[in-house]
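Next come two complexes built around chain A: one with chain B, the other with chain C.
Then we have the complex of A and B:
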């Protein structure tokens, strides 16, 4: 890789250097959380976390572990910055994002620290492009305080079965209602649209249901407009874990397998719709 | 639950709904003794389609006894139930259609693989019975072929083309794009000739030609091709509906398309093909004929005599006098305006108003209030008629 030969390890002033042989491994997963322009990047020695929020009611996090990168050097415990995600994605696809086998864009992503731009070195077929994206003051992401101790219901489904349901969801419905229950209907997605309502029921013993752990019957409604972006992550994923806590907050965790068979996670948090919370 | 239809899922049900969606925006559902009828009509009421699924199509078929139930609903919402045909075919095992009259919901339940249960409770409106008046068995010209033949024929026409003209002789069928007289010099004419031996059945009693909308024909062909069922085409006179039909042991589908009634059609034909002009009686009764075959919406709950579809011998004078009487009773859609129509025809030949309006005006023709018998406005029918059909829907 021509890029790796350029690295001069120690005397570099960067606080963060991350290299990927295939930039698609990053761009694909970032695409699945692109519903707002601004993304908060937080890098720790474990890897990179990218956060996008909407209306303070919904948050999406993409986790890319350090070992996904061919090189991941971080000189501080936490490096945080904010960039325009759309611009970043445009840069990552600057060579057209070819999906042809054997043709991939190599990436080296460097950040010098507060006040500096995020520098991307992209190389494909011997051509190198350097992109500098101005960074912004990182905002504090909303803490949804979703902790596994408060989880009342949890199911893990193969994404395949949810993809169908999500592709058919009645978009004239303002909300998606999720019912999880230890008894019938177990796991139900409901919409209430112009032409009537629709329910999708998943029995707990279905082959699509990898784990079913529901302790109480819970029915919550979530704004369709907030959940809609999560279908991008769903499309990429192979499994999804659906959890609700005692407050009715929803967590959707998607397990995404990238081109090289490595595993990343995308997580969505969503607040329930107020008016029906106390139903 | 009043009415229950259960069937092992067959894609043909979804395909029928998809092809009905190419006709109109609303799906009329009527469980009848002889099966579940799904119907649709377009907004200008120039095209109508009906599928009848026999009780045998279902593994269980129970309908309310005593009072008839019928409803209409947005076809889009029903389509949403059967959205992705390809994946449905692989995943759905059983389909259940039930009516919850208390909640005024029609419930479609799909039992899918892996135990997934999809329930769609769709709201509906009460509706009048939708019934086109046509008697295809009395038609003189009958053709039957594998859908492929017609698919291969219409594929040559651009998607933007609105109407085609089908002409027949004893041995051949010509299909060509319909071009308004005034556009003739500018447009390209495409004509295909099909020999009678390409058809499974080819019976011509009157050598004439009809012009009708291509869109609905295409819709029908998509259905026929995907099910592989042979398509039968019936038509008679220009101005009387053309019927396309597919039949199977458990289902029957009929598409009734209005045809253009235009004197120039005859003239064109005669000059182009040295065809023998249609026998004089036909001409004389053409307008009556149109009335009797016109797609009429039955607004009465108890269907009039026409619902029994009297077996009409082709071209028999008596039929024409009988049928309008039956039709008049049902709604204003059938108006007594034969004289007016005749005069209009004569005028149309020369005045030839806005091209497409001519086509529409024909189908709306019968909705014209009798007061328009003054016949000074041959082509101003549109607004009148559009509003009429709106009234009808309410």
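Then we have the complex of A and C:
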């Protein structure tokens, strides 16, 4: 079966073609939002957005801008589909996901449109693998209606400071409580587990605190099970912005640098837990 | 029947142990066949039940310093024993530092293969005739050199997450494909420029219909992916030559050659 992978004169009517010299620049960031089987892909001329949701209360988005790709061609304003994310990751890592320097898997991702599979051409060391993954009609992602105008509190922290706290979080606590305030304790993470309560405080003038903009004192609780997956994105990131709005909705934005030092973003939105008591 | 062998060289003992350990990862039970020049570890699986088969041949002179055997009779100068290679491997591993290791056929209350002071219990079995003729009678087969085993293993490991069965196909153009297909996804890995061994085609078999096979024509077989994965996982010896013979829709025959050891593994095709 002859393979026309790199053909410029490819007459296949793909509505989306995205190529990367290093497939890890896509697979690493997707791994950080893989906590459910299915993901919604939305491509626009600006780039690719991949969305994973949990029970309509939590949403993770990964953004990979068009200029990260060596080639990004899109024939429509918006191309959307849904795929099994676990299968996609297995395909992206088909050559074993080697971390050896200088060895990388090249990727060409193609989509013909509604009803067609997502086709991946992967190449490493002269060996080519072709994957065709079935797509489904994309579900409408939840609009968390989180806009900058309603943001009440915002901090930007260096990720290394949060990594330690998140790795030590008491998992017997059902919730993670986040307190943000213009006065003490400024920024506090709390858990209420079997062995007792634990608090992690970050003073506003700490070296780790790159930005501190809190206008009102807010305490909100979020289900631990919903936030735990965000640890993967935290591990990949160098900086994280934590914002809450007047409703207590949480937005976590992670700045991630890929293998080539380029910047991508991962964003988590989470609804507050029902029994919240605003102070 | 008599058998007495002695290994003195620590590198030979080490190598012998590694070969036996590889065998133990491929099968629980097999036949050890001793002839004046060679040792064979053979497994003949029941093809109807999807059983794999294996053939490993070692030249005795490359391992043993002393080697004496007297077979069943002077016409049939060989000995066959049914062994559990894991027991043999374990026993050999514990005597790695020995100055010399003796393997002897002894009979206390029943026949045994004795290694140093350790006993490995075995039972007798009939001579096993290996069904290689299956390969020479079927008309459609292709021989090809395998791609780097590490690359194959990486790809097969990932494919196993996606499917239980895999199709292996190859042609006389040095091309081999590994394919899986499920409701969710289809994945095909293409290997090129692998080269075919000189006896690559079936033209010499009973004047068959296809004297010159179309080099693009693929011979393929669908196998249980775990069996292929098991073969790739078990490799402890880096082969100098690795090749594969695919008999269309019948069997995948994998052959590894290392200076003094050859290992053959047969995976029957499933519908």
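Assume the second predicted complex is superposed on the first by the 268 of 279 C-alpha atoms of A that agree within 3 Å, B and C clash if a C-alpha of one lies under 4 Å from a C-alpha of the other, contacts with A are read in each partner's own complex, and residues count from 1 in each chain.
By definition in this document, a contact is a pair of C-beta atoms (placed from the backbone, for glycine too) under 8 Å apart; a residue touches a chain by one contact, two chains touch by 3 or more.
Keep in mind that this is a model prediction, so the values were computed, not measured.
Once the two complexes are overlaid on the shared chain, A:95 sits against chain C while remaining clear of chain B.
Of the two partner chains, chain C is the only one that A:134 touches; chain B does not reach it. By the document's definition of touching, neither partner reaches A:235: not chain B, not chain C. By the touch criterion defined above, A:156 lies against neither chain B nor chain C after alignment on the C-alpha atoms of chain A. Contacts of A:126 after superposition on the shared chain: chain C is touched, whereas chain B is not. After overlaying the two complexes on the shared chain, residue contacts for A:66 are found with neither chain B nor chain C.
Chain A uses no single residue to touch chain B in one structure and chain C in the other.
Per the touch definition, chain C reaches chain A in the complex via residues 147, 151, 154-155, 157-159, 161-162, 183-193.
Of all residues in chain B, only 73-74, 76-77, 80-81, 83-84, 87, 91, 105, 114-123 touch chain A in the complex they form.
Per the touch definition, chain A reaches chain B in the complex via residues 161, 164-165, 167-168, 170, 193-203, 205-208. Those residues of chain A lying in contact with chain C across their complex are 1, 3, 84, 87, 90-91, 93-96, 98, 117, 125-134.
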